[in-house]
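Listed below are the structures to be examined.
Each of the next two complexes has subunit A plus one more chain, namely subunit B in the first and subunit C in the second.
Moving on, here comes the complex of A and B:
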């Protein structure tokens, strides 16, 4: 029970632990205005239930409006002119013919002697470009935006773009990471001025050396790796390559910008309305209050829609120039060429261990390329997943003439896991220890231990045969791998809960729902507090006219938004209780809300309906804004508003494959995925998201690859035909199991799931292929050609 | 010369050649096609009628109503639905026939509306996602999509729903494999396929009662 006065922090007892493994009480200090501890899900009515999606009906009837569906009166259509060359100095841009086109209302040169510069975004990857553009107009990759046009129709805009004349001076180029590392390779950047920030795969350090196209090393070290390797009884070492994966959001990037004298309104497909608002205010010199950003529906983001982007900036500039709203939506080709991607990597990983499996040392060298962007690292999974006193890593970024990469679901740790989890599998084989048993020895996480236990049982792991033991043409195999991701929190994320006099409950926040179901879980949490049903709660989100919410990235939205939603609802409830307590002849402390009623705990006969209570309000509404504080037990680190919680997110995946040794076709038959996200709020939505993570991982493992023609510097598969995505026929049977893991860290104890679900899939499949063939594939994608080549070579 | 392909309802009035002649000035891709379709030296004199580049007035049967619109001859069905008809539930994700996001039903048959000219629709009845429910009562497939959480971002969803509804019309008792085959042309980057299969099987069950 709560102790202490209303205004000082309270000490509260939380039930913590893994349900099914063991629960115990932990005392934590809770701010005075936050709700008391929440019972485990089994005792709740809305939380932990597979509530239907808040906007499901709008989505299945076509009523929901994505950015390209917005049409404003007098709206113009924007279109880019893009460089046809992979590296070229821009000598001149002549827009006169385009400006004379009768349908054209504005033309902007983004990249040219007469250009304004296209990039103003604050991200590290785009800063690099901005610096470059301001110094000298050079198109750094084929597809770089050179100019933009706004016209009365898409057709007119297309015509006008073709009327722009650009004088390019071709420069030598390089589109392959190995080529770019070689001595004498064409140089992408002569100099670089890098600001600290988030790059394509995590934090970027300033001040590293740039030699040719190679920048680095960034790294980390602990203990004494050399001594550890000497002491090791067994050493495994391997080189791994991972390819570029593009986000392929089904909804292309798009924006409708409406610049007016009294302010700017923007509809944009974004993962962070509040962030885009801040970028716009900075870039265009407007006060925040004059910028409104709206995202009613977002057709996927996966990391590629976290910022305003060059296209957003250009659309706003066009709208300002044309004095009319401008809609600019990228075409699929532009999506594949210039909207970000997961960087490619090369890794050499060396692990030494004692005979009993104890890790003696781990050493990781990596190169990665995010094209013209920085931060193509391999995450922190090798550094953190297993207990190993001696560790070092060095990472180098390699620049090539390709569009900038950016964060993609599980950035860094996805390629990192492909190497680490195969190396651990290889080590287990060499030690003669089962891979699950080895991890039980070297992985300190109690959550993953339980996940391995459940997964192994469900997959029938004990039936796994020795590697390459089968003799037929089609060989089957089982493999497993683990995931690690930070439990991230956006501190200060806010939302408002209001009860109206007719008993309506509204939640308002700028937070967006990119398909993860953020709106649904907020409704569930608020409904739980009010004793209502989730469908009774009106969700108003995706609009910066409301309190500033969290970004939908870094798997932090649920962890950031559900606590303030619950705390705001709790405070509204307290006010409502105080209002009706005299009428019920009791005190506010004695009241609780359940089943649509406000009821006395002492005497359940003293009760009134929630509607009657609301009707007794003197004002039209009771409204409270709450924001996310720090975790009750603190953070292990913090950067700006981003807090890194003490726990990590885990997840263990098991895969069963068959490999046709004549055709090279790999079929993933079954995936068992066991995951944790603190307190699960909506198991149906979590299952959906985990399935999505697995399928993106399956595409990464077997199918997807961006292919450059090294002679022309062009991408040859910038489409959805030759860039192969998994379809319904590639889908394995997927079983998702969720761990309930309570820690008493916040008012809801919720953490994310998007990224952890995407990290273990590719290495689990790779380990299963190894089990089937006795051959280890260390290069992605493991497509038919790769399998047949490995079989022909017949060795590791 | 006259081509018998495609142009339902307009066949009496126009030939493919005249149509192409009308639009080739505006559309480089079609100009190339015209060259390919026209035998060298073929006389165009047998059909003097030329369509476009000005808009042509056509009547489409959309979701049970006749809608007369002026369309450019080169306009795709998806463009006409989303633009002048304001039926934005039809999505464009690739605009070249590789993802099925733009699926609509023509006389109950799923087609990629991004890859079909509006002029080619003719008399066929168009069902878009806005026209699938019966007033406020959702189609069983729509209801099952919500129930089984067969949507995430929802961008592929209208097309998935329409193909699934068409499947149940032609095969009221599909197996999971039938459902997968029916949606195999649909790209869903969020990875909803497993729940879509669950939903469509449940909808089939619900329809049988």
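Moving on, here comes the complex of A and C:
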């Protein structure tokens, strides 16, 4: 029980450990206004129970409004004119004919400091100034936005765009990373002026040198790699390639911007309402209080919707110019060409080990391309997953004439895991140690150890045959791989909980629900505190008029939002208890809320319904805003509003595949995924996250690939017909097992799941293919051409 | 891009369709020297291909003439000579499920039933399927004016040709987009066509298709003002069996990388007396594997022969830089479909 006064921090005992492995007590200091330790899930009524999505009914009945559904009176339609050439000097832009089109209300020329469109494009009138200064800006990739119009209909906007005349002077271009690295390749940037903020993953270091198209190296090192490799008894070395994967959100990027004299309101499909508000205020010189960002429903976001984006910027600038609301929703082609993607990488990984498996040294060299952006690194998975005293890495970004890449679900670690987890599999084989057993030796994480144990058992790992042992045409194989991701927290995350006199409970925050079910878990946590049911809680989120919530990126939303939700509810409860305690002839400390009632612990006969308690309130409401603090045990580090928790997130996946050796067809039959996210709040939603992660990983492993035509510098499969996403018949049997891992780090002890679930899939499949064929595929996607070529070559 | 505005008309009879002033979509897609764009009248059946072309800005017709209201044109029935008549408006789903087709022409049922996705199969018509334009991604890109669209070069030959033809690909490397056509050519089908004057012609489907060497700008011999009314299957000889299989990246909502149809006639002791083996997604038009057909005649079909037949089917193949992988797939598929048609697979 709590000790200490109301205002000073309390020392509390938390039950910690992995359920099923072993629990013990840990003492932590808890701020005075935060709730006491939460019992393990087995003792709770709302938390840890599969709970239907708060907006599920509205979604399946079509009642919910996505950004594209918003229609405001007098709304105009925005459209971009995009560069048809992959690299061109823009000699002149003539918008006069477009401006004379009767349906047109505003035309903007979009030419930022780095040329047309892209990461750094500013699309306000300032651009026009920039254009005047820099008379011949450069379009850096095909599809870069050159101009934008707002017109009274989509058709008028299309017509107007066609009336804009641009004089391009074609420049030599390069759209392939290897070509771009070669001597004499056309140069994308003469000088480097890319904004570091637009990094696609980890390793975004400022101040690196640029030679040709290659920028770097960024790196890190510990110990003595050379000595480690000399001492190593076994060394494996391989070169791995990963391709570009696009986000393919079902709902495209889109915005409705409404600029008014008294302020700006935007509806936008975003992963971060509060962040977009801050960007808008900065870019357009408005006070935060005059900018409102609303995201009622969002059809998916995997990293590309975390910023305002050039399209958002352009729509607001058009609205300001036209003095009318502007709707700008990208088409699928634009989505595929210019809305970000997971960068392509090349990695050479060398690992040395002693005979017993102990890692002696690891050395990683990588190149990656995020087109015209930087930050195409391979994450920190090689650096951190396994115990290895000697490690070094160097990474280079390579520029090509392609749109800017950006973060995508597990950025860096997804390509990084493809190399690392195959290399460890290869090492295990060379050492004659089972891959699971080898990891038991070199992976210090107790969580992943338990995950491996469960996964191996469920998959029937002990039945795994030696690599390539089967003789038939169709060969089967089992493989496994692990994931590593940070347990991130946004400390600047707040929400308000209120109880109204009619007994209704409302939660308000700007946090958005991008389909992950953020609203549902907030409702569960608040309901638990009030002794109500999740469906009793009114969720009002996705609106910056409410307290600023967390971004839906970096797998940090649940970890950031559930503690303040619980703490706010706790404080509201305390106030309500204080209010009704006299009537019940007891003290507030003696009261608890459960099953819709407020009950005395000492004498359960002293009780009243939650409704009656609310009705007795002197004011119309009790409302409390709470904010996420530091973890009770502190953070490993901080970057701005982001804290890195002491723990890591893991996850281990096992895949069973079959490979048709005549046709090269790989089918993933079954995936067993064992994951942890601290305290699971809603197992149904977590399972759905993990399934989504696995499907995205499966597409990455076998099918998806952006295809550039090197003759013209254009993408030839910028649609969802030829860019191949897995479909219903590609979906394997997926079994998700969740570990309950209590650490006593926050009021809910919740961490993320979205990214960890996407990291291990491709290498698990690759290792299963190796087990089936005895051939290692080190290039993604592992499609038919890759499989048949490897089989024909018949060697590694 | 938004689609262009267009007029909508509905034909009540095939004759009305023929008299509607419609040009072929192939002609409507060619640049008109000097003339104003977007003046064509074109016919629409299920609209799957037509609307795709319009949405990509590749086709901007003035008027669509919808054929779907033509009564009875979706019927599938047996004819007095024992052949089957499949109305041009029969959906791929109808074709896949019709008991007469399942019984007489299993290859066709399998080809139609394995195409595209359930949603598309319910809307797409067999006539439209045979007349759809190819899926070469350069052809479908408004930014690439290739030979087939009246431009000066083929981008695929030295470009991204992973899904392109491995046979007869010198001029233009498209693969014929219709999967049903693979089976229909193997089955010796004819296509029935009427024109505005009421003339009816019924060429062999095989001869109706046009190779790039003959005319790179069209895939078939449909003429202005012609309407397809039916696909006709000859009465099968006794002891005829058939099968069709495909391989694609995705198991639904995708195009075949390779597909093969086999029709076998066998004599009383089970020896093959006639074989027709056709490769789809292999060449600009459905491709007969003649060497394979010849080596089967007079033989008992077994696994060994099937494998040899598979390899023989690759004769004269000229894969491009990125589609060598299709060769082993075709070899395997020919063997498998052969065994399946022979009741052994």
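We take it that the second predicted complex is superposed on the first by the 764 of 796 C-alpha atoms of A that agree within 3 Å, B and C clash if a C-alpha of one lies under 4 Å from a C-alpha of the other, contacts with A are read in each partner's own complex, and residues count from 1 in each chain.
To be clear about the criterion, a residue touches a chain if its C-beta (ideal position, glycine included) is under 8 Å from a C-beta of that chain, and two chains touch if they have at least 3 such contacts.
Note that the structure is predicted; figures quoted are calculated from it, not measured.
Participant: Of the partners subunit B and subunit C, which touch A:84 in the superposed model: first, second, both, neither?
Facilitator: A:84 contacts subunit C only, not subunit B.
Participant: After superposition on the shared chain, which partner residues are touched by A:729: those of subunit B (first), subunit C (second), both, or neither?
Facilitator: Both partners.
Participant: Considering only touches as defined above, state whether A:662 meets subunit B (first), subunit C (second), both or neither.
Facilitator: The answer is second: A:662 touches subunit C but not subunit B.
Participant: Once chain A of both complexes is superposed, is A:760 in touch with subunit B (first), subunit C (second), both, or neither?
Facilitator: Neither partner.
Participant: In the superposed arrangement, does subunit B or subunit C reach more residues of subunit A?
Facilitator: Between subunit B and subunit C, the winner on subunit A residue contacts is B.
Participant: With both complexes overlaid on chain A, does A:59 touch subunit B (first), subunit C (second), both or neither?
Facilitator: first
Participant: Which of the two partners, first being subunit B and second being subunit C, lies in contact with A:716: first, second, both, or neither?
Facilitator: second
Participant: Touching A:652 in the superposition: subunit B (first), subunit C (second), both, neither?
Facilitator: After superposing on A, A:652 lies clear of both subunit B and subunit C.
Participant: In the overlay, answer first, second, both or neither for which of subunit B and subunit C A:694 touches.
Facilitator: first
Participant: Report for A:789: first if it touches subunit B alone, second if subunit C alone, otherwise both or neither.
Facilitator: In the superposition, A:789 contacts subunit C only.
Participant: Indicate the residue numbers of subunit A shared between its subunit B interface and its subunit C interface, in ascending order.
Facilitator: After superposing on chain A, subunit A residues 155, 331, 726-729 contact both subunit B and subunit C.
Participant: Could you pull out which subunit B residues touch subunit A in their complex?
Facilitator: 26, 72, 82, 86-96, 98-99, 101, 128-130, 132-133, 138, 142, 145-149, 151-158, 161, 179-181, 183-197
Participant: Where on subunit A does subunit B make contact in their complex?
Facilitator: Interface residues on the subunit A side: 50, 52-53, 55-57, 59-66, 68-69, 71, 155, 247-252, 297-300, 302, 331-332, 514-517, 684-685, 687-689, 691-696, 719-721, 725-729, 731, 734.
Participant: Spell out the part of subunit A that touches subunit C in their complex, as residue ranges.
Facilitator: 84, 142, 154-155, 158, 331, 662-665, 703, 707-712, 714, 716-717, 722, 724, 726-730, 783-785, 788-789, 792
Participant: Please name which positions on subunit C make contact with subunit A in the complex.
Facilitator: Contacts found on subunit C: 1-2, 5, 137-138, 141, 143-144, 155, 158-160, 162-163, 247, 249-254, 257, 322-325, 328-329, 331-333.
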